[in-house]
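In what comes next, chain A is part of two complexes: it sits with chain B in the first one and with chain C in the second one.
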Partner chain A sequence: MNSVMYLAWRSLSSRRSSTVLTILTIAISVLLLLGVERMRTQAKQSFANTISGTDLIVGARAGQINLLLYAVFRLGNPTQNISWQSYQKIAADPKVAWTVPISLGDSHRGFRVLGTNTDYFKYYRHGSKQLLAFSQGGEFENMFGAVVGAQVAKKLGYSVGQKIIIAHGISDQSFNRHKNSPFKITGILAATGTSVDHTVHVTLEAIEAIHRSGKPAVNMSKQAQKEKYRPSQITAFLLGAHSKMKIFVLQRQISTTKIEPLSAILPGVALQELWSIMSIAEQALFVVTVFVVIAGMLGMLSTLLISLQSRRREIAILRALGARATYIVALILTETVFLTGIGIIVGAALLYLLIGVFAPMVRSQYGLSLELSMFSSSELYMLLYVQLIAIVVGVIPAISVYRQSLTDGITVRAY
Partner chain B sequence: MNIIELNHVDFRWQNTADLTLAIDNLAIKRGQKVLLNGDSGSGKSTLLSLLTGINKPEKGSIKILGVEITALSNAKMDNFRADHIGYIFQQFNLIPYLSVVENVLLSCRFSKKRARSTLKEDVTQAHALLSQLDIGSHLFDRNITQLSIGQQQRVAAARALIGAPQIIIADEPCSALDPANSQRFIELLMRECEQQQSTLILVSHDESLSAGFDYQLALSQINLASQLS
Partner chain C sequence: MKKFILVLSCLWAVSVNAQQVTELSWEDLIPETERQLLDLWERQLPTDENFSNPIASELGKVRSNLDGKDIKIAGFVIPLEGDEEQVFEMLLVPYFGACFHVPPPPANQIIHVTFKTGVKIKDLWDVVYVSGKLQTKTSINEFAEVAYSMQGLSIEEYEE
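== the complex of A and B ==
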């Protein structure tokens, strides 16, 4: 057995260029396979991490995915708003611990603007129930304060104290900018890898104020401002219950309320449903990488088959020396194991290298955090499968060599 | 004692009507040096493939060292060949990706009988054999492609001789050598065979090489099949 490994190794290293190319082909396919798998799991993770600690999301009656998309991911638009009265009524329910109102509809240079109150920073949680943290400044100091997400600040180069203008609607055209009402940035949030990073947060009252005609009254007491610019409606609100047992009672109560048609959704369930829709794309991507691996294997197969023709003499010599036909088979199989084994190691090393180099960039550009973590068990299984498939593929040249060596025997054919 | 003994051996290649080889009786004694003459087509390769057990005769008996090799399984025959037979091809005997010494040592990898107890002893033996066959020590670790054809054939001889197998078969080992080199090669090969008491069977169509051999056999005389056709 030792001599098989020794000969296989020497033979591979003598055909250096084809060996290196084959190893690279396998390494790149392994890199793709692992890279896609890692992107997939970490995208899924950061997706699921977008919101946590919220028991219910309440909005106008709609499908749960629709509600989730606009309330959490700031995608699409609500069909209808909720009246301030129904919001107040539900918030006052003794089973409700806290609520965070959300008002959407405006934008700032391509980023969504979200109207809320300071409870947002107290109750909104993401990841493993982490609260939002400020990298600079703090909560709104007055009605026209704004808190921007990490990406907003980074892309637009904002810092605390800077003045910004928001536009009505999602398209930022000069004619619909609320020019009368400049906002002042009071805080910048730390990066979360969620949609919060791409959001400009302002107060509910400010949203109401800029939509009313005339210059907003700034020189008033806070309380008076709140009274004057109390919104008549909001888009949705997040809700935390006192006890987990009461969530379903609340959900039913809200969905069946007579005041107006409302929906209350469980964020975890809705996230899962949304992900199952997206998983089709994810699976398609996975299938593509599987084909890349197969292409790598076929490349190896063709190199091996080509090499066999020129190795008939070598095999005849080994047979004359007393090597069994099965020894020759083992020699070829060992070569495939070496090629893929090294290919897998090189591919994995490339993955770590690329993650090490590009993870900070991917994190800052796409908010996707790629971790330099050890292989997960599913990744290890993938590598194992690659190795097993390679052995199965290696059986093809091995069988052809076996037949060849039986017919050739020690008769030497020309090179 | 006969080291090789063939009795009433018939052989034909698959799908051919005529016999390729029909040998009534052939016996070679231990320690002899035999020149087996034959033109191409006289059944040389066929006879060698039978002696090395790669092919089995249709009928008849082949005894080597008293063992009926026609009765051996393929795997046992491979072991038997590794243990008792050193083989030298016409040309291109060596594995291109191994060094000179590594090529010689290959024989020991396939046969426990021919290997000494340690690799170091094998290497010492390989060096000694190579030196006796006029391969300078500066060539030992060279790549075989840096050797002349004559040197390559002598390395092949060393590989056949290492571990002192009872039988050395050389199939036209001089066909690629010039007359002077041929003569020298055969002299060296014979000397080594004598020293380790190996039986030498050298196949050649060139009768001028006969000096030093115990006797010559003309395959055309032994092979009844070639006489018929």
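== the complex of A and C ==
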């Protein structure tokens, strides 16, 4: 057995260029297969983990996916804001247990700014009903307090007590940075793996203040500040009901209210709808990657078959030296195992390299966190299938070698 | 293999409880006295401007004699909690789209189902059978409402 492996290895390394190319073909198809699988599962995971324990999300009238995307994942922009009055009215309903207001539209050095109140830290849940935790500091102490997500603090090197400036609009190169509004970081949140990590949280009053002209009254008393900068509108709010049985009634009330056109969505239902839309793209991508793997396998098959032509003499000599036909078959099969095995290793290495290089960009552009995690069982199964298919494919050249008679290679041809 | 485990776990559940699983319809969940009111509710138009819904709040009494029964019921799933693969907490309702277009179902036409180990849901517009132990306990909040909840055991596709 060892001699077969040794011979296969030497044989492959003597045909270096075609071997390297075959390995690369397989590596790239494996990279694509794993990459698509990883994007798919991690995108789903980070979406599913971002919201938990919330019964309804309420915003201006919009499709449920749109509302879910901008209110929870900070993707896209809200269609319209909702008035503070209608928020107050719905929040006061006896069926409502808690609400968390959300005000979006500003940015800080490429990170989204979210205006809210301290209820956010009390009621917003992620993962499996986990509350947010502070890794440093705590909630807002006054109107100009800011709480930053783990990635914001890490990337911008922020610490508690530091002063920052918040701009109006999402672009980083915003011309109208609100230089007059000095914010002080009061807390840094522990990492969650969700969009919270990339968010700067400030108070609703502060959002109101940076949108008004003039220097904000920083030195006013807390109460006076609250009075002066009472928010006039918010983007959306999260809502928890006292009883799950009342979710539908509340939803009906909110979406048929005559105060202003509002939408209330159930996060679980909206996510499910998102999955079903995504699944079409997922399946298309999966089919494409399967074909890429097949193309890689065919490439390997053709190089093996071509090499057999030029190796007639080599094989005939092996047979003449006493190697059995089964030995030759084992040799060819071992070569395919080597080629795909190395291809898989190279492909996986490329995947980790690419994730390492591009993960920060993907995170800041699409809010999707790709992690350098170990292989999942489904990924391992995929790799196993690739290896098994390669062995099956390898049977074809192995059989054609088996059929070549001993004399075939050593007889001098007359023509 | 999965099906086999499912069947086994169902068998186990049945043998432990030593009780028959009754298949219920949604109408079985409504007390006799309320069945006429339901027609009225179905005809109610969605014009509630003043933020109240008198008929729906009158409806929704539960049949407490169903408490603790092992039942099987067909309905539509409204997922509440879950991860990327599974659902752990859901509402089961008698018709699709309970969350839009139509007046909300009364409280006794909603079952709050929790699964200790999550279940996979394929499509929201598929009818599924959910089996488990029905409870009519008072939910733990200041309103002390009585409603149907279920400790879900299994979920299976509905066949005509």
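Methods note: the second predicted complex is superposed on the first by the 236 of 415 C-alpha atoms of A that agree within 3 Å, B and C clash if a C-alpha of one lies under 4 Å from a C-alpha of the other, contacts with A are read in each partner's own complex, and residues count from 1 in each chain.
We adopt the following convention: a residue touches a chain if its C-beta (ideal position, glycine included) is under 8 Å from a C-beta of that chain, and two chains touch if they have at least 3 such contacts.
Nothing here was measured: the structure is a model prediction, and the numbers come from that model.
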Considering only touches as defined above, state whether A:162 meets chain B (first), chain C (second), both or neither. neither
May I ask you to decide whether A:128 touches chain B, chain C, both, or neither, giving the answer as first, second, both or neither? second
Chain C versus chain B, contacts on chain A by residue: C
Now for A:3: first (chain B), second (chain C), both, or neither, which partner does it touch? first
For A:243, using the defined touch cut-off, is the partner it touches chain B, chain C, both, or neither? Pick first, second, both or neither. second
Name the contact category of A:313: first (chain B only), second (chain C only), both, or neither. first
Using the touch definition from the top, list the residues of chain B that touch chain A in their complex. 45, 48-49, 52, 54-55, 74-75, 78-79, 81-83, 87, 89-90, 92-98, 102, 106-107, 109-111, 159
Quick check on the complex: what are the chain A residues that touch chain B? 3, 7, 10-11, 13-15, 313-314, 316-326, 409-412, 415
As the complex stands, chain C meets chain A at residues 46-49, 51, 53, 56-57, 60, 78-84, 87-88, 90-91, 93, 98-100, 103-105, 107, 110, 112, 121, 123-124, 139, 141-143, 145, 147
Under the touch definition given earlier, write down the residues of chain A that touch chain C in their complex. 41, 44-45, 47-49, 52-53, 55, 89, 93-94, 97, 128-129, 242-249, 251-253, 255-258, 265-266, 268-269, 271-273, 276
